[in-house]
Amino acid sequence: MNPLPLAERRLKPSPFLPDLAEIIRKDRLTATETLYRLRLADGSELGHTPGQFLEVSVLGIGEAPFSISSSPTRGEAFELCIRRVGDVTKALERLELGSMVGVRGPLGRGFPLSTMRKQNVLVIAGGLGIVPLRSLITNLIDERDDFDDVTILYGCKNPGEMLFKDEIAQWVTRDDVDFRVTTDIADPGWKGNVGPVTTLFRRLEVHPARTVPVMVGPPVMFKHVVKQVLACGVPEDRIVLSLERRMKCGIGECGHCQINGVYVCQDGPVFTYAELKRLEEAML
Amino acid sequence: MSATRTVDVRVDYVSRVEGHGNIVVTARNGEVDDVRFEVTEPPRFFEAMLRGRPFDQAPLITSRICGICSNGHVLAAITAVEDAMGIVPSDQTMLLRRLLLWGEIIQSHVLHAYFLVAPDFFGVGSVVPLVETHPEVVKRALRLKKLGNHICDVVGGRAVHQVSATIGGFTRLPTPEQLRELDRSLAEAQTDLAATIELFAGLELPAFERATEYLSLESSADYAFFGDTIFSSQGGTTPVRSYREKVREHVVPHSSAKHCASDAGAFMVGALARVNNGYSRLSEGARQAAVALDLCPPVSNPFKNTTAQVVETVHCVEEARAVIATLLETGLRSEPPDPAPRAGRGTGAVEVPRGTLYHEYAIDEEGRITDANLIIPTGQNLANLEADMWAFAPYLIPLGTEKAQHTLEMLVRAYDPCISCSTHVIDLTESGKEVQR
Amino acid sequence: MLDRMVPKADLNRFIDRLASEQTVAAPVAEGPSIRFQAIRAAHEIAEHYLPTALPPSKYLLPVKETLLQFRLGEHIEMEPVLEAPEVIVFGIRPCDLHALALLDAIFIDDKHDGHYAARRRRITLVGMECLEPCDDRCFCHSMETLEVHANYDLLLTDLGDDVYVAVGSPKGRDLFAGLTGAREALYEDRTRLRRAHEARDAAFTPRLDVSFDQLPGLLAESADSLLWDVLGEKCLSCGACTNVCPTCYCFDVGDELDLDLATGRRYRTWDSCQLDAFAMVGTGESFRKPRAMRVKHRLNRKGRYIMERYGRQGCVGCGRCARACLVDINPIEVFNQLKGQPASRTVR
Amino acid sequence: MDGPLRPTKRPRLALFELASCAGCQLQILNCEDELVDLLQLVEFVYFKEAISETGNEYDIALIEGAVTREADETRLRAIRERAPLVITLGACAHPVGIPGLKNAHDSEEPGRLVYGDAAGYFPSTLARPVDAIIPVDAHIPGCPIHKDEFLSVVTALLVGRRPPIPGYPVCVECRLAENPCAFDRGALCLGPVTRAGCGALCPSYGSRCYGCRGPADDPNVSSFEALLEKNGLNAEDVLAEYVLYNGYRALGDQALTMEVSR
């Protein structure tokens, strides 16, 4: 799969030296999530693959990894969707438009787009998992002819936590993608499906030999969804997942993200189920 | 005839002193009716807490009586425990202990003189406004304070609650490089010391005098900070082991710190007492400073305690340099302390920034502390402070409440009381009896 | 390159001179602990020494190292800090030389880490062969790290009055050029060296019941062993074992701000997989919460993961972790016990 | 140059003292090199030992000392109501430090200590940490606090970061300092279960850890006690070790019962 393309190109004296990027837009999506639109200060393109991530710095506060949420097909600006949980994410919220942040990357191995071409793609997102998958979905839509059926399943805790509502509204209306959404808990205004994301499989036909399922979500979701797609007969090495771990360096040095012998930041965050199955610490 | 005129002077929680204390003075028709320096710090029961602890924790625990003179407590505890167990420290150990003590004295005196006392003379409430108006004074004060702390860092590992002096010696010795570097800082302090003398020589202290008995330790060798004898300015000496005969404690109802008296009644300890009693043994520079500061004994103005602290600061810097020179010349030998427990009872007295500090311990065969008695300088001074207030108040009352309050606060500050230190003593079992008495 | 032979007295004089001209670090006894530290003269070097408290890797990956410095304001200024003092590290044991070779492979060949590389360029490695085992905790012989053939500038062997000097690099050759009293090693010198090696090989006995290249397999089979739970109950999670280990290199990254809230630094410090927070993520979930998992992770890194990834020993058998561990968790015993009952659910 | 992280307003700090030695306050004054800069960043509105003026409005309350009187509890509640952030300074305030040693003695004489007239004497209660009375936002541990740690916590709070207090044990720093372990010197040490951040100062000075910074986040207590017992201590000795600085927690249920029966 794709090695670090640009990291090599921008070979620096220090792998820890970030590039500067400007915050050009900030949109509050929910009570805790904000969508940031950024542009590299030198005007160059990020050059990422969907599924890759950036190490984002607020200098003086710290650095944390975030998935790139926009598609490489959409020009040089890029987007991050960030949940406020701690030091860096809080500091980001306080930054004003025009502020500079540091970014390192794109880092890691993204989704295997080449494997997906001319195949059915089944995207399964749980909670924040939609953030990296939005990059993939947009890419699939922008290069729609390269792929066969595109099905998207999205599950969130409650309707209020649903991200990217405007885009979802558009995806829903398209007839070249099959978009389905569910929430664990309904609220009065909710007319859609209620239940975990696995319930969306009920009326779904999966062609095991022609489908690439791609899933991102919390560890509990993986357990159930993997079981479901395996039950459909999809081979283990075609099931694609992306994992989250603590990361400090993003380049396979610091050891925090290690799962058995594997470094999530470098060997992942995207893996096939076949790769992870043997790793008991992957907790699948 | 006018009605009875009552004047109440009350200062709750005197600021810029260590701990909680209130001044209460009542006067009726110009006659002072009552004078109290109330100590309301929570009592902390150190003597009870020491019981049952291993002997080598005495310095560690009593150090936490007071952060400002923590090294003083460490050294008094060590001296007392060594006295109880028959340990005689080496010359090298005694030199290092002096350094450790002097570092603290410099730090404490500079803190008191510059941060707590000086603002009164600049007409401000703290050093903070001086950062803007007199930055050079503040920076000098900080440099000198740091110098004191630097000595403690080098010898004890840190300034507050040092970690290397223990029963029998030091668990780690400073390196020659550290000592040389320290000596350079001490040498560089000359200019700051000169400026300090000049500053304090220029301050106009309230003219108040009262004949007082001054007590301090005596040593034949030097200006005493360690010693076996208590010297009184009114004549006579008392062996430290018999300190209870000279320095008698009693509970007063308005103070959670015990008061002390000698046969003659209230007495004073601290820098002024030491300078009064040991003037001739001061270092050369310190004597010159005393002259410049108009401090040639006998002095009986308690406000001059601050001036005496400046003199002692000069003395400690000069003597520290001499000790460092000796240590570097002889070279430091490793003498790992390894005291074996032994039953006994012992007393140790050390001159700490605020005066003579007594520790006494009884230790059993297993090395556990079975009994402890601690007498703190501030406690010894409280009765004398009140006596001064009795004597001074009639002159102050006519000047108006505000002026009286302010001057009495300055008097309290001049004593440099360390109130949290002084309230360690009342232990649960004994106090009940004493209150009834 | 041509090896040299030098009388010990000349070597010591040479070290004295070197130390007066540049930074020479060597094992020095500080009370009961031995540390690599700068020396001023040869006599300060410890005579017989166990592996040092911290491994020599501290000269390449300092305990705390500044990566970047920055100034915030209207424009953000930042620059990498590539500090690299020139230092000759003297008296490195073969096990540690093997460990440094591993770090080179990771940080230079694989990661192109400029901070490490800059330091590595300016460090001179002078090894000292072991002729007898350190103590019952070392097992370099079993890990095949007792012999060293590369990754040093000079390698010394103590042959009594003389020292045999193997020259490993042009840097080592040039360093040694100034040594008076040294001569080219002759056939009989090599014979003496060979005899010393033979005596050494007889003095070291295997400590592991497996050969080192079987460890990855053994550990893979032992993933479910109950021994991990036993060790997990004992382990204090004190991090001593990883801090002292020459092949441990995990680190944490953080920012420091000065009191002006505008200038600051990004630094890295040693970290330990044995600590609770090491694998904790944003949600507060720790992926290696049970102590048993942490102990297992460490020993798998040492015996398996590093070997699988970099093809080199992830444990060099120095025995430091066993010496440091207060509850006697010793890799020799762990590996041997797993070997005793492979694949089964081992209990002690 | 003002960075983007600088708060627009200078936060007001108030420092309150309960039963303590005042050593932690002194450590603030001991920041000789930084004090002038610090005063640019924050304003001390209440700091009795150093300042006469008093202010009743503050953003951060720093509390030194253990709770030993009923009056302290009232005072703390009032402070908590005013202060958006409450930070404790030192071992006395948390976990309870040397003042907690008296808890072990109170059991012999559980009665109140009332003496003197109405001039303001209070019964002495069990020594308790501040967070036994009010919620606390952060603890700066140590006996005394470490200057650098105080400054780094203040800067962290100013820029909105979590205070950088380590959760791991002292052994981590002790090994990094290349000290010979106290256990190898035949001494005992509370390093394996005590929170780091002191740079292993005491072991580095040839002493041992007495636990002044309170327990680490994830101590393996049972294994550690087994280690102490292997080194010749019995259960009572082990408790006496903990009690020196951790008298409130180490006494556990015993202390709580006494509090209730009071």
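Points worth noting:
Going in written order, the chains are labelled A, B, C and D, and every chain counts its residues from 1.
Following the convention adopted for this analysis, a contact is a pair of C-beta atoms (placed from the backbone, for glycine too) under 8 Å apart; a residue touches a chain by one contact, two chains touch by 3 or more.
This one's a predicted model, so the numbers in the text were calculated from it and none came from an experiment.
Within the contact network of the assembly, the step distance from chain C to chain D comes to 1. With centres taken as mean CA coordinates, the chain nearest to the overall protein centre is D. Here the spacing of chain B and chain C, counted between their Cα centres, is 52 Å. Inter-chain spacing, taken between the CA centroids of chain B and chain D, is 26 Å.
Chain A and chain D have centres, each the mean of its CA atoms, that are 43 Å apart. Averaged C-alpha coordinates put the centre of chain A at 66 Å from the centre of chain B.
Along chain C, residues 72, 254, 257, 261 each make contact with two or more other chains. None of the residues of chain B touches two or more other chains. Counting partner chains per residue, chain A shows two or more touched chains at residues 60-62, 86. Contacts between chains, counted with the stated touch criterion, involve the pairs A-C, A-D, B-D, C-D. Those residues of chain A lying in contact with chain D across their complex are 60-62, 86-87, 90-91, 94-95, 99.
By the touch criterion given at the top, residues 3-5, 159-162 of chain D touch chain A in their complex.
Taken together, the chain A residues at the contact with chain C in this complex read 11-18, 20, 57, 59-64, 83, 85-86, 89, 100, 102, 244-246, 248-249, 251-256, 258-261, 280-281, 283. By the touch criterion given at the top, residues 67-68, 70, 72, 75-76, 78-82, 106-107, 110-115, 223, 249-255, 257, 261, 264, 266, 268, 271, 273, 278-283, 287-288, 293, 297, 300-301, 304-305, 308-309 of chain C touch chain A in their complex.
On chain D, the positions that touch chain C within their shared complex are 1-6, 34, 37-38, 40-41, 151-152, 155, 158-159, 164, 167-169, 171-172, 175-176, 178-181, 183-185, 191-193, 206, 217-220, 222-224, 226-227.
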